[in-house]
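To start, the structure itself, in structure tokens.
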Amino acid sequence: MIDDQTKKSTTRRLKLIRGQLDGIERMIDQEKYCIDIINQITAVRNALEKVSLLVMKSHIESCVADSIEVGDEKKKAQKIDELMETLYKFVT
Amino acid sequence: MIDDQTKKSTTRRLKLIRGQLDGIERMIDQEKYCIDIINQITAVRNALEKVSLLVMKSHIESCVADSIEVGDEKKKAQKIDELMETLYKFVT
Amino acid sequence: MIDDQTKKSTTRRLKLIRGQLDGIERMIDQEKYCIDIINQITAVRNALEKVSLLVMKSHIESCVADSIEVGDEKKKAQKIDELMETLYKFVT
Amino acid sequence: MIDDQTKKSTTRRLKLIRGQLDGIERMIDQEKYCIDIINQITAVRNALEKVSLLVMKSHIESCVADSIEVGDEKKKAQKIDELMETLYKFVT
């Protein structure tokens, strides 16, 4: 489960991202220069990447670590497989 | 400048993305499973990638193509350099 | 440390990648169509991504898991921080 | 077609990449630390990304630009579609 600090930090970041997204909608509406729009979208994608990495860190520290501490090999393998699948989607 | 069809299509996509972003904020607030949150963020990042590519296509078709058609070598080089810099930021 | 199965599998993949790389050098030397060259490089980058993910899985299963099993909180935090930094470089 | 300068520059870069790849094979053979292996693979992937962008720049400057200069709308659309498909594969 997501820990308190990560919850606060990701919620704050998502609010900023929402503001950036509003800005991009306005840029498109006002037909701003395409290059500026693309660079702004890149900034949002990078900000979302950071949010994902924060959630992933929290997930490894709690959920994956718990499954390892408990010593259940099947559960450990399952959690690591799930993490790798998510990582694979994340990077492609 | 962004063409009409791209303007409509990207505006519609950004509205969907905003909805997805609201969903992610709720997932974090309700402390949903981290893996589901990460996969949802990945979906939004992919959707934003599509928006960027649509804007980029429109930019190449109009702005870059115009600079080439005009036959001004300096302008052409400048536009292509700018596009490559944007692409570089986009992929890293 | 990298486990035996991962060692075999990544070594075999790297040999294939080397062959693909030789192919790309030939394509450039013979001035083949740019789009085909770029797509071939994309294939190699994707293949390398797979190799990275295999090594990462092996690392989490052994090194990160060991640091968690031992129950040393400082070591656990250190290993997870290191993993996240590597992931960050990996995705950007 | 790839221009002379790009041909030289990409060939030189690919030789360096081949050396880096040899190094990674040795690291795996000698069972070096996983994190170092992953970071080394990331370096190679970034180097390949640069090669792709150089080829893409050359392609836009020559092939795409030519199709635009000639003034054949169908050919222009075809070349830009092909470029966007390649870009899509490149970024995903």
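As written, the chain order gives the labels A, B, C and D, with residue 1 at the start of each chain.
Throughout what follows, contacts are C-beta pairs under 8 Å (C-beta built on N, C-alpha and C of every residue); 3 or more make two chains touch, one makes a residue touch a chain.
Note that this is a predicted model, so its numbers are computed, not measured.
The minimum number of touch steps separating chain A from chain D is 2. The distance from the centre of chain B to the centre of chain D, with each centre set as the mean of the Cα atoms, comes to 21 Å. If you average the CA atoms of chain A and of chain B, the two centres end up 18 Å from each other. Chain C has its Cα centroid 27 Å from the Cα centroid of chain B.
Along chain D, residues 49, 56, 83, 90, 92 each make contact with two or more other chains.
A ring topology is adopted by the chain contact network, closed into one cycle in which each chain touches exactly two others. Against chain C, the residues of chain D that register as touching in their complex are 1-2, 7, 10-11, 14-15, 17-18, 21, 24-25, 28-29, 31, 33-35, 37-39, 41-42, 44-45, 48-49, 51-52, 55-56, 58-59, 63, 82-83, 86, 89-90. Contacts from chain B toward chain D in the complex involve residues 46, 49, 53, 56-57, 60-61, 64-65, 68-69, 71, 76, 80, 83-84, 87-88, 90-92.
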